[in-house]
Amino acid sequence: MSFVRNAWYVAGWSRDFGEPLRAMEILGQRLVMYRASDGTVTALEDRCPHRLLPLSKGKRIGDTIQCGYHGMTFDGAGNCVRVPGQDNTPKSAFVEAFPVEERHDIVWVWMGDPDLADPAQIFDMPEFTSPDWHAHQGEALHIEAHYLNVAENLVDPAHVSFVHPTTLGSAASENVPVHVSTGGDVITAWRWIRDAPPVGFFQKFGGFNGHVDRWHYYHLHLPSTAVIDFGSIATAENCAEDDRNRGVRIFALHFVTPVNEDRTIDHWMHLRNSALGDEEASAQMDAMFNVAFAEDKAVLEAVHENEKRPQRRRPIRIAIDKGPNVYRKRIRDLVAAESTEDLGAAEGASFVHHD
Amino acid sequence: MSFVRNAWYVAGWSRDFGEPLRAMEILGQRLVMYRASDGTVTALEDRCPHRLLPLSKGKRIGDTIQCGYHGMTFDGAGNCVRVPGQDNTPKSAFVEAFPVEERHDIVWVWMGDPDLADPAQIFDMPEFTSPDWHAHQGEALHIEAHYLNVAENLVDPAHVSFVHPTTLGSAASENVPVHVSTGGDVITAWRWIRDAPPVGFFQKFGGFNGHVDRWHYYHLHLPSTAVIDFGSIATAENCAEDDRNRGVRIFALHFVTPVNEDRTIDHWMHLRNSALGDEEASAQMDAMFNVAFAEDKAVLEAVHENEKRPQRRRPIRIAIDKGPNVYRKRIRDLVAAESTEDLGAAEGASFVHHD
Amino acid sequence: MSFVRNAWYVAGWSRDFGEPLRAMEILGQRLVMYRASDGTVTALEDRCPHRLLPLSKGKRIGDTIQCGYHGMTFDGAGNCVRVPGQDNTPKSAFVEAFPVEERHDIVWVWMGDPDLADPAQIFDMPEFTSPDWHAHQGEALHIEAHYLNVAENLVDPAHVSFVHPTTLGSAASENVPVHVSTGGDVITAWRWIRDAPPVGFFQKFGGFNGHVDRWHYYHLHLPSTAVIDFGSIATAENCAEDDRNRGVRIFALHFVTPVNEDRTIDHWMHLRNSALGDEEASAQMDAMFNVAFAEDKAVLEAVHENEKRPQRRRPIRIAIDKGPNVYRKRIRDLVAAESTEDLGAAEGASFVHHD
């Protein structure tokens, strides 16, 4: 297992949750989620403890869920409030409830020990609420690949020239060195490509004619939230590295949610300091992002498939892997730190036997 | 393994068997079946002992089957009667033959020790041949679920209110207690719902205007034949429990045949004491049954899928589970009683290796 | 494992290889193949050693392949010639290269120890280059079956009467005995059917009116190249066994390439001593072969599926199995002889773990 359980993961955008029961899977755990009458979002284990029908196949009775098989009913805290055919409710008649927080139109769920769930740890950045920035939520990209490969890709500027040659990158950057800093809970890889023609994206959205200075900063927040700060500014402007707001600047956010060992969902959105309130620009950017992310998806799924085959030689690592290497090391450490409690759970795991 | 081998299972209706070779699977055993020229039905192991081609891919030569690969030919008893290219037939050149009995337009096959096959044990009831009753064979419901879950569902009146709220049940019955008797080879669960509006089925077929008394008797005959005796009578008639023929009464029969550990076929039919000879009524009832059984199928397949996932907690049992609990206990006992002979067979099991 | 590694296998016809990168799998090994600018065909391991993306998802830069993920580049010998972002190339940055030979418009690849690859061992026969013979390459038949079953079928005259009753065989041959010789690296099974009506194929292509003498010689060259010498001649001609060129004679060649344990490709072609240069006749023959090979495919895939099920009894062998039995014995011996080196490779095999 390679999942960090004590963490907040994005379950979806606020607009995705309403009255209907919604079935999801995060870290191999099936969830049923819905928005309760007080506006908060509920996340419960999607498995009736009686005959194991997913509760998402049942129906809402007010803010409770009635199982679709025998009518056992659970409230938003996972407590059983009714067992048809009897008056008492067995102690074991409950489902797990998962802490949920919602902010900036994003719904987060905590997959670990509920006692450790601290809303202050939820990913935040000031641009979410600044009037100088425009936020736009994109779609959910479903990828048949392990989440570590998806997240690693997001702290890996070196792939851009080869995977996205017509959209986000160009051959001009192939040999530009990548800097990496690895302090705290964020790993950052970055590079500047100075004095080069604008790439496709900024040809379209920047209105640049001549050469530009272009930057990519890949910030990967553990366990799997990526902030890609990228932008361009006319080379003539002589922009300093920390003065990037002078250019056309975009934060592409990727909230990488592991579904299970073979599938991952990337909820992506962006923040930008130009074209504020321009939904036409948002739609055009989404279209370009969709092209680029389909390129990532094709690569990641082919890698995943090849990784599942027997390997006679270990993969090699090269200089550009510094960010990914540090990232994987940090995840291993986090998983190891959680392993004592996980071990107990794993030992208790079993299957239903009909014998 | 959870199969009771020494038992008669329904392979299909008489109309399903004729000249063509028909491939089936029962208890994980592949069979080829056909109707011989004397009108009897033959069931053979569907695997040529030579190169393992299913005999159902071959062709009939009179009452024998000629394998489609090298022409080895078997009679209805499974004996090899021809080996092309040689004069003698090796002792090991045979396929298993399974006893078959046909009655009341139903074809039964015995999956265990042929020496124990006793036609007197085949399920029977007097209404099959009574002129006061109309028999109508429905279809075969293919369910991606374990047979114990399918059969359990048929001794479980409590699910009707929740799975079939618009057809066979209603909210009025949700809390009516269930009685269970467990004598002999039949487990029976039943309840009466007195003085309530008629449910959808009897609104349509009973012609009732006012309140009715409604009954459900679920008889589950080991290993997996269910008789659901259900009906309605005007409440004003003051019907005694054992005087149900006065009302509109239906026996819904379910012959549950395990295909393998993941699939089950439910051959269903009914007997009724009204609308005798009315094929229009039969068709309308089939349509309603199809709606209800599709509801069961959806629930059972979702349960099966969830059961195959790792379980961190054991499923719980509640008061309404008395019938299912007793049923599973009986099956476990039957399987255990057969296990000595099964053990020998299982130890001999192997795969074909190309090495 | 049942693969003979030190052998030449057919990867395809010459016409199948050109500029584009072509992904294949042989003996469970994924390959990327392409024709280089000097006209030779290259075969490399289809797996970048860095992040395991198949190189076939990358692009050609001249005669090298640039990986589609991070641009690592490999020449036709499998050597890494570029690692973007650094100047040196790690010693472990290579992919395996497989020897390739091309002759008679057939592309062969050597899957074993490159030091043992001897082009002189490639299958050859004088009719390839004789002006008295017409060569015609057919298609590639993809079969979901183990290659031993596919190859065995090609040294098995006995199946023709039953699998191909309307095309290549007839009931007249069902009981004609089969001769087998097993010297050297070729197993041969053959029989003559004397004085019988011509079968469908020779009715169409031989122009025979009366009875013919018909022969089938099945030569199976280890590990899996089959030459089926078949033909017909008017019975009145009194043809001696070794004077077959007097009749209408066809060599059907089958180059059986194991993809993995569950899939096989049969590249088939023929050589004939009639209708030289007649492409219409070639197309008509292809059409008849396609009918016959679809019959084989259906049988072989059904056998493969049944072989993967648990077996309570061993398959039996009969007199007509002499050729197949010897063939399997030879393969076992070859595999055993290679096992010492294989063992080392297998012990080194592992999977990528995300932990």
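Here the chain labels run A, B and C in written order, and each chain numbers its own residues starting at 1.
We take it that a contact is a pair of C-beta atoms (placed from the backbone, for glycine too) under 8 Å apart; a residue touches a chain by one contact, two chains touch by 3 or more.
Predicted model only: the values in this text are computed from it and were never measured.
A.B. asks: Which rotation angle, from 0 to 180°, best lines up the CA atoms of chain A with chain C, given as a multiple of 5?
C.D. replies: It is a rotation of 120 degrees, to the nearest 5.
A.B. asks: Taking all residue numbers used at the chain A/chain B interface, answer same if over half belong to both copies and different if under half do.
C.D. replies: Answer different: the two copies use largely distinct residue numbers here.
A.B. asks: Hey, how far is the Cα centre of chain A from the one of chain B, in Å?
C.D. replies: Chain centroid spacing, chain A to chain B, equals 47 Å.
A.B. asks: Find every residue in chain B that makes contact with two or more other chains and list them.
C.D. replies: Correct list: empty.
A.B. asks: Quick check on the complex: what are the chain C residues that touch chain A?
C.D. replies: Within the complex, chain C contacts chain A at residues 30, 47, 49-54, 57, 66-72, 83-86, 90, 92-93, 345, 348-352, 354-355.
A.B. asks: Can you tell me which positions in chain A touch chain C when the two form their complex?
C.D. replies: 1-2, 146, 148-149, 156, 158-159, 161-163, 174-175, 177-178, 261, 298-299, 302-303, 306-320, 332, 335
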